[in-house]
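Across the two complexes that follow, subunit A remains constant while its partner is subunit B and subsequently subunit C.
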Partner chain A sequence: MTRITPDRVVGIGALVLAVIAPFIVSSYWVGALLTQMLFLGIVAASLIFLSAYGGMISLAQVAVYGIAGFVVGNATTNGNTKGLNLGWNPWWGVIAGIAIAVGVGLLFGALASRSVGIYFLMITLTYSVIANLTFGQVTDVSGFGGISGIPAPGAIGRVEAHQNRLYYVALVAAFLVYLLLRYVARTPFGLTLQGVRDDPIRMASLGYNVNLHRTIAFGFASFVASIGGVLFVWWNGHIDPASIDLGATIDVLVIAVIGGLYRLEGAWVGALFFVIVNNYSQQISFIGPRFHTLIGAIFLLIVLVSPGGLVGLWERALELASGTHKEPSDRTPIEVGPVESHV
Partner chain B sequence: MNALKSKWKLVTLAALVVLAAASVLATTATARSSASTIKIAVLSDCQGAFGSFDNQDMAGVVTAMAQFAGAKAKNPNKPRDGWTGGSINGHPLKLVGVGCSNDRADTAIKETKRLMEQLGADILIGPLSGDESIAVANYAKQHPNKTFVDGSAGAQDTTLKVRAPNFFRFNGDGAMWNAGLGDLAHNKLGWKTAAVIADDYSFAWTSAAGFIAEFCAVGGNVTKRVFPPLNTTDYSSYAQQMPTNVDGTFVAVGGAGLIPFLKAYEQAHGPIDGKKFIGNLFWGTPGQFEQLSTRVAGAYVGGAGTAGDLATKAAKAYNAQVGKVFKTIPPYGAAAPQAASTFTYGFYVNTWGLLAGLKANGGNIAGGQKSLQAAIKKVRLATPYGPLYLDKNNQAVINVFYQQLYEKGGKLAVKTVGEIPGVTQTFGGTFSSSTPAPGRTNPKCVKRSLPWIGKTIHPPVTG
Partner chain C sequence: MSDVAVDRPPAISNRARSLALRRRVLLVIGWTLLAILVIVPLLWVLFLAPTTGKWATAFGSAVHDPKDFLITVLNGVTAAALYFVVASGFTLIFGLMRVVNMAHGALFLFGGYVALKLQRGMVGEGGSFGLTSAQVNLTHWIIPAIVGTVVVAAMGLAMQQVFLRWNQGQELRQALITIAISIILADQMLAHFGGVAEDIAWPRNIDTFVNLRVQGILYTETRLVILGIALAIGILLWLWLKRTRTGMVIRAGVDDRAMVSALGINIQLTFAIAFAVGSALAGLGGVIGGSFASLAPGLDANWLLYSLVVVIIGGMGSLGGAAIGSLLLGLTSNFSAAYLPSTYTYYSIIFTFMLVAIILAVRPLGLFGRPA
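This part shows the complex of A and B:
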């Protein structure tokens, strides 16, 4: 029998709130903030998956998400925008976008799989810069101005006119991604990946191919990130190199850290926090365009106060409430990793 | 057992906090103002290559609001603070927000969404630069019940390709603004060959397209085209690529990049000979050209449909009007001398066009703003720089001016030396919705006839 825990109740409550959100909050909240939270959460979840289960903090997730977005943009636009303007059916665009992003992700992963720690971080940062500059320089597929007027599939319709449709598609996608990531973490592959994370030398001596596991994990995370990229271009209708620049890359890392780098739920918690702060801080005159200073300060505060992010704060509050406070409270995902009951 | 109870209390508390926060935020987002108020938002660049012109943008908007709708600047020394008062036919004109973009289309779209969807603006004035305007025009297409007027953006595609029926542009595009320069270079300065360097984005491509199309049309040959990315800080590798075995060079590097480029060029090829250079509007933009120093004296400059030294009553009155509404426009100082800036005038004339449309239909924005959009389409303005009307793509047909830089009292000064009346976006039949968009390799260098060749007017100027 499934045990009822506060985590599960809050999770189900959040899901119910998300389902009924279009009936209780404004269309701007649904169309702009919550939809954005869902796809940013998906991308951040791909980063958290790699970090928590593979011990790989990747800065390439936004690059992969961008590759999927640019492919969809080139494939599905038809006429007066930059890029190839292939005019394909949007669903073919989605398939091509995800397939190419996963292919590039596997290549990225294979090249980076022998690196760990700061070197892995630097290699994936390089991927991010390469993607940004490539789309900025190759005007055949984008150029500085990017691709505008990217259509969503007919079933979703014009996003501006039917904001709830894209929201529900994003919600279903986010929920499925969450379930998939949880499932994969418990498969033999996921368990092996955690072994690789904790002690790659021992895993290699046991006969596991460490680099192959890391590469496949990177490819799988690219699949997840590419779903976020597709939802992004449907939502935004536009993508350009600035959508995947260093700022965007750091934003996703900030989301993951603020939410909590060792629990998948942290991706969406961090994304919701980030999107709301981003949106509403603009209206405070002395902050206005200084949003990144504000979010940087919050980031610093979170790292100092709760290395486990907002989700970590929640866990600590539960522990304090139940008098079962555990040490160390400043565990890092790479050192400790996820606890089975959490995910 | 007590521990379990405490846990559940915490869950309940958290749920209540989330619900309360959601309801407060949802309420603020759905707040509506009275039906008769017309909510206006402005999309400016406060960051990036053109961030220093942010206050010029707002100065243009507020000056038009003061002149044509009875508004008043909130702060005569800080245009970004916006205006108070102002109405059309009893409908108050409320500024609901000023967007802060950064020349990137992605940011422009995010800010446009915030202004139109969160703050609930009915009308958007802006943006400033090329690719931003292409993205905003595409956004406009998806929001037919809202109205958009350009700010100062001059990418060709915005109106020629996107053609959103609810996006209006009362300024010219980058190519139109350079009408007359090719004729000048070839037939007056004697250039047979030229090199072109332009920022690698839509506006600069359009700006270069105007020079290339006309220079080639009259028989010149463009032998080299170099495109550094916008926001480049080190131009040395690009300056090295510029050939010196050409008769002249056209420079469409703008904003914060112009002075670093000129310095890099001097380091690579020695002192600049002004007569071998033609620049686009950034060489003559008030607030910026003063920083170029006298090393570029003698160079000719493409305009932006503006001529600050025009000795006509209307041009003088416009300068005075900007000086009347604002004392200073930061960071460049006194307001009146900045009236002819591309940005001040662009935002001014677009706001004026909007207000003229609102006046014509009595400030009625009901019915999906269709009546307003139809009224704007018919607007004709007697601007400080000549008559203006919109073509079938909602693109202004304007008079274009070009200038020359010269030394005056040891400082660089600018004077208007040529005028081409009635320039259309088709550029004498060169461009259409089916021709390739301006880019790194377009337009091709082709000889053809243009209607204004040899017919440049020399307008009366002050000083």
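This part shows the complex of A and C:
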């Protein structure tokens, strides 16, 4: 039943490489680049899930990830920083962070669920900017300077001292998120969601509650994004409003688009590409600090030339190599024209 | 068989009745919530806001302090004027071409910076805080404003011709293209204009106070000038859309693009004009906004947010909607900043979100929006 396909070979190869990475690359790579790649990939995967299976390109994923991060920061720090300094056990912080982020995500989703396409994009962008401004202004929970000294749980220990521990935690989280997203896409809920993506009016007349499906999908994607947010604050030890500003929001969109908006694997492909370009472009003299110009140009190129992103290029290369032309496994979301906006 | 036929109708109508009942209950709950959300803040501002105690506000209620109430109204309306200038360009482009120009905020900032540099070039660098209005006369403001507007119009036009024209109809792709352009623009502006907040100096003739002769209010003249400019732009846009041939084509294009081009009208030319005018409004907004407040990296996000909020509230592509949306946004943000209890004023941004949330819950397409 399980056939050996190029996809599987590459996938398993990548997983094996990821597992043994701490033994073959420097600790800087593991601690700074690969861990960041994993949690950014988780956030981008939540965006790709909504886009590929729900037809909704959301710019609120970073806002949700930030909400989870800020809740963890407020709940688990003790005394010496901004915010509420509740001093809870880090694991309670995680539960509170994810629960609140999912709650906010459900509210966001419910309000945006009657819109699709560019309307959805605009509404979720509004959420994102408002979340950024809110954390910047409300000094009770953060303020401009943000929250510092956020501890990871005891089992992970101090991240600077034990970089591999957080890396493996992030790897397991990313792998489980990937399996979970794939599983959910195959459940009756996931199939209905794809029906809603393709033809909301037909699904509504078949008796499905279109808005409820969209809302729940958004809540579920918020759950995934909030896991990325928790990993981010453990990794960084600090979160401030700039962590979730428009630039950060667009970074995650860029990761998702560069990876490919219609395959979950693209999230981590895009994230790896992003962190490597971010790290090494600084050393090229004529680019230097102008990383965002470079990444913007790459983003523009990808949108214009290969809407399927890097994963789309890989699929096209496979088709050329095998001489077959199959229909794409899914439609490429950014080539889709207008969808009826009102049900 | 006849049994079934007899049984069915009551079963269906029972279900229909329960559904209708549920709907009515939900409607009543919804309207009650809405009424509370509108009436409670109104009562608070007009009668309840105290000046002492735990909930003390800066001014107290409108009955207690009508002067500051009027000033807050004026501040809200004049802020709305600036929102309208920027958002009307956004909504014009969106209404006709279905292009969500995510680079609108970046164009705003660019217009401001062009005018700023030109003004500095004409007058000199000024002191460590830039120029003061005493050093600037009317020409030193108007010429940079015109140049900034024209440069941004040309830039928007180039963007549309090079990147968007051949992707017509692929809305999400166009939105992503404008996002990519805004990333590049914002980064280049950071490189060339630096990260320090700077502002364009108003000319000395208008940087003064006017006595309104109501409650003895001395009000900032520049804010009234902004209101005047916005009214003039609103009227000109309205006349352009209602009275000229191009305007007629644009209105027809908003309703049915395919039909308009099938009638042999050069819709591409109309698109180009609309995009240039929409971008010009972003540039002009940037000049005014840079004089009124300041120019700094990151402000492109704020102004994109204001444009988005205005068109989400007012409905996309509607000029009247943009006016109402700007007013609601301007009044909400100014009143929440002035009338929240003094220790909680930083929560005022939440009210912007609540405004968007309420409108989306009641009318997903905005107050004046129509299905595409």
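Throughout what follows, the second predicted complex is superposed on the first by the 327 of 343 C-alpha atoms of A that agree within 3 Å, B and C clash if a C-alpha of one lies under 4 Å from a C-alpha of the other, contacts with A are read in each partner's own complex, and residues count from 1 in each chain.
The rule is short, and it goes like this: contacts are C-beta pairs under 8 Å (C-beta built on N, C-alpha and C of every residue); 3 or more make two chains touch, one makes a residue touch a chain.
In this text, all values refer to a predicted model and were calculated from it rather than measured experimentally.
After overlaying the two complexes on the shared chain, residue contacts for A:Trp92 are found with neither subunit B nor subunit C. Residue contacts after overlaying the shared chain place A:Ile118 against subunit C, while subunit B stays out of touching range.
Shared-chain residue A:Asn236: touches subunit B; no touch with subunit C.
In the superposition on chain A, A:Thr293 contacts subunit C only, with no contact to subunit B. Contacts of A:Ala317 after superposition on the shared chain: subunit B is touched, whereas subunit C is not. Of the two partner chains placed by the overlay, subunit B and subunit C both lie in contact with A:Gln137.
In the superposition on chain A, A:Ser148 makes contact with subunit B only, not with subunit C.
In the superposition on chain A, A:Tyr183 makes contact with neither subunit B nor subunit C.
Shared-chain residue A:Val25: touches subunit B; no touch with subunit C. Once the two complexes are overlaid on chain A, the subunit A residues touched by subunit B in the first and by subunit C in the second are 137, 139, 289.
Residue ranges of subunit A in contact with subunit B, taken from their complex: 6, 9-10, 13, 17, 24-29, 31-32, 80-82, 136-137, 139, 143-146, 148-149, 158-160, 236-240, 242-243, 276, 279-280, 282-283, 288-289, 314, 317-318, 321-324. Per the touch definition, subunit C reaches subunit A in the complex via residues 98, 100, 102, 163, 169-173, 175-177, 179-181, 183-184, 186-188, 191, 298, 300-302, 304-305, 308-309, 311-312, 316, 346-350, 352-353, 356-357, 360-361, 364-365, 371-372.
Against subunit C, the residues of subunit A that register as touching in their complex are 57, 111-112, 114-115, 117-119, 121-123, 125-127, 129-130, 132-134, 137-139, 245-247, 250, 253-254, 257, 289-293, 295-297, 299-300, 303-304, 307, 333-338, 341-342. Considering their complex, residues 3-4, 6-11, 14-15, 18, 22-23, 25-26, 29-30, 46-47, 97, 100, 104-107, 109, 113-114, 117-118, 130-131, 134-135, 138-139, 141-143, 155, 157, 161-163, 200-202, 229-230, 433, 437, 439-440 of subunit B touch subunit A.
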